[in-house]
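Structures given as structure tokens follow.
One chain, chain A, links the two complexes that follow: it is found with chain B in the first and with chain C in the second.
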Partner chain A sequence: MASSLAGSALSFATPVKAVKTNSISFTSARKGNAFLRLQPVPMRFAVCCAAKKETVEKVCDIVKKQLAVPEGTEVSGASKFSDLGADSLDTVEIVMGLEEEFHISVEESSAQSIATVEDAAALIDKLVEQKSAEAKSS
Partner chain B sequence: MAFTMRAVKVPPNSASLEEARHRVFDFFRQACRAIPSIMEIYNLDDVVTPSQLRSTIAKEIRKNQGVTNPKVIDMLLFKGMEELGNITEHAKQRHHVIGQYVVGQKGLVQDMEKDQGSSDFLKKFYTSNYS
Partner chain C sequence: MASRSKLSGIQRQVLALYRGFLRTARLKSPEERHRIESVVSAEFRENARNIDRKNFVYIEYLLRRGKKQLEQLKDPDITGLSTLEINKVYKPLNLK
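Entry: the complex of A and B
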């Protein structure tokens, strides 16, 4: 009698646990799917839009401070460093300043191709994106 | 040991002016990347900013803007590398760094332009007359 009662109790307990685990896995799967679906899209758009304007403005400020540009001169995305009175050493100095500001490391081959503010901003966006991608993967 | 090891490594001479110019930019980049550690070693956060140090280094390099002989440029680069190595290996004291690269531009260091055409007599005359 006692042994048969214990056996029936055990047989009742296991299906209840199985049902619970199944329901938990379903809910977690749903949450995971929702998270994966919703997360990247708004972040991408927001980061892209904000970074470009912000980056160009920051680069313009750094260039103005570095070259001591007179007050009336306008520095925009299309401005060339050579037109603002920068020689090759000034250009390298600007690139080093941008490295410090954005915490990136610009390779020598990339640095040589920079001639305008737009080029610098595009390169910075690319490097910052690479850095964030590496941070996510690691 | 580090000093003797460093003294052995001398780069070969530049084959052309363009190569020497390239090496100058490499040296400038290397010096700029060393600025944060230099500021940490000598505790310069309250007397100078990295941007000002970078400008000082650029100014020092620009003093020799008119040199066109690759051999002279190589010699100047060697001296620059030696100076940078001395600073990063803590062979200088804090007041040396401050006196040469922070307040030197305000009259402490003689800032006479390098005049290639003057005779030795005139150079000594200007030097002794400096106040």
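Entry: the complex of A and C
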């Protein structure tokens, strides 16, 4: 009896992978659909968060204005504030300017993690979204 | 410096104080705000250039003084910079 059940289990796996059918009956086993429930269902959620293009462009404008970047200097999402000549005091001013422009409030710990335009834009989008969510709930 | 290294505790305090001044300046009239921002920015940058970053005693003294000045500035009745004492003479030896 035990050996016959083992035989059934061994023969169970291969046909399912090959045929991919939901209706398989086992005359030897009492619970016909018991093994089907044991199959794990893989679930994958891939979420990619990228800042909106308009936010990046606005951030670039504010950075140029704040740092008095020479005309013709390229400022893009990948630009690092330090590469543009900003020291830590400049970065504080940039973040303050962004707060006013987008009507948000940036935590100090968040502000210190900002190193590029993309960092700032992503954080802004996140905070703006949070703020609108709070407005809807209230 | 290729990228920003992690800030030391005292650096964070300085930046937090700077943020505090800029936030408070927003609450004043536009003309006064601009003036406050200019003075505060100049003060912080001059200190950044002139003070040895290892001189923790003096830096902590400046932080304490700055916090007191900021508290004064937060008073709504304070409309100007007259209460800010801008000390342009650095005499760290006097502290000892």
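In this text, the second predicted complex is superposed on the first by the 87 of 138 C-alpha atoms of A that agree within 3 Å, B and C clash if a C-alpha of one lies under 4 Å from a C-alpha of the other, contacts with A are read in each partner's own complex, and residues count from 1 in each chain.
Operating definition for what follows: contacts are C-beta pairs under 8 Å (C-beta built on N, C-alpha and C of every residue); 3 or more make two chains touch, one makes a residue touch a chain.
Quick caveat: nothing in here was measured; it's all calculated off a predicted structure.
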Practice problem: With the two complexes overlaid on their shared chain, look at chain A and say whether chain B and chain C clash or fit. | Solution: clash
Exercise. Would you check which partner chain A:E100 touches, where first means chain B only, second means chain C only, and both and neither mean what they say?
Key: both
Exercise. Check whether A:V92 is in contact with chain B, with chain C, with both or with neither, and answer first, second, both or neither.
Key: both
Exercise. Look at A:E57 in the shared chain and tell me whether it touches chain B only, chain C only, both, or neither; answer first, second, both or neither.
Key: neither
Exercise. Report for A:K80: first if it touches chain B alone, second if chain C alone, otherwise both or neither.
Key: second
Exercise. Would you check which partner chain A:A115 touches, where first means chain B only, second means chain C only, and both and neither mean what they say?
Key: second
Quiz prompt | chain B and chain C footprints on chain A, overlapping residues | solution = 88-89, 92-93, 96, 100, 108
Practice problem: Using the touch rule from the top, collect the residues of chain A that touch chain B in their complex. | Solution: 65, 88-90, 92-93, 96-97, 99-100, 108
Exercise. In the complex, go through chain A and note every residue touching chain C.
Key: 80, 82, 87-89, 91-93, 96, 100, 108, 111-112, 115
Practice problem: Within their complex, state which residues of chain C touch chain A. | Solution: 1-4, 7, 11-12, 15-16, 18-19, 22-23, 26, 41, 44-45, 48
Quiz item: In their complex, what parts of chain B are in touch with chain A?
Solution: 21, 24-26, 28-29, 32-33, 50-51, 54-55, 58, 61-62
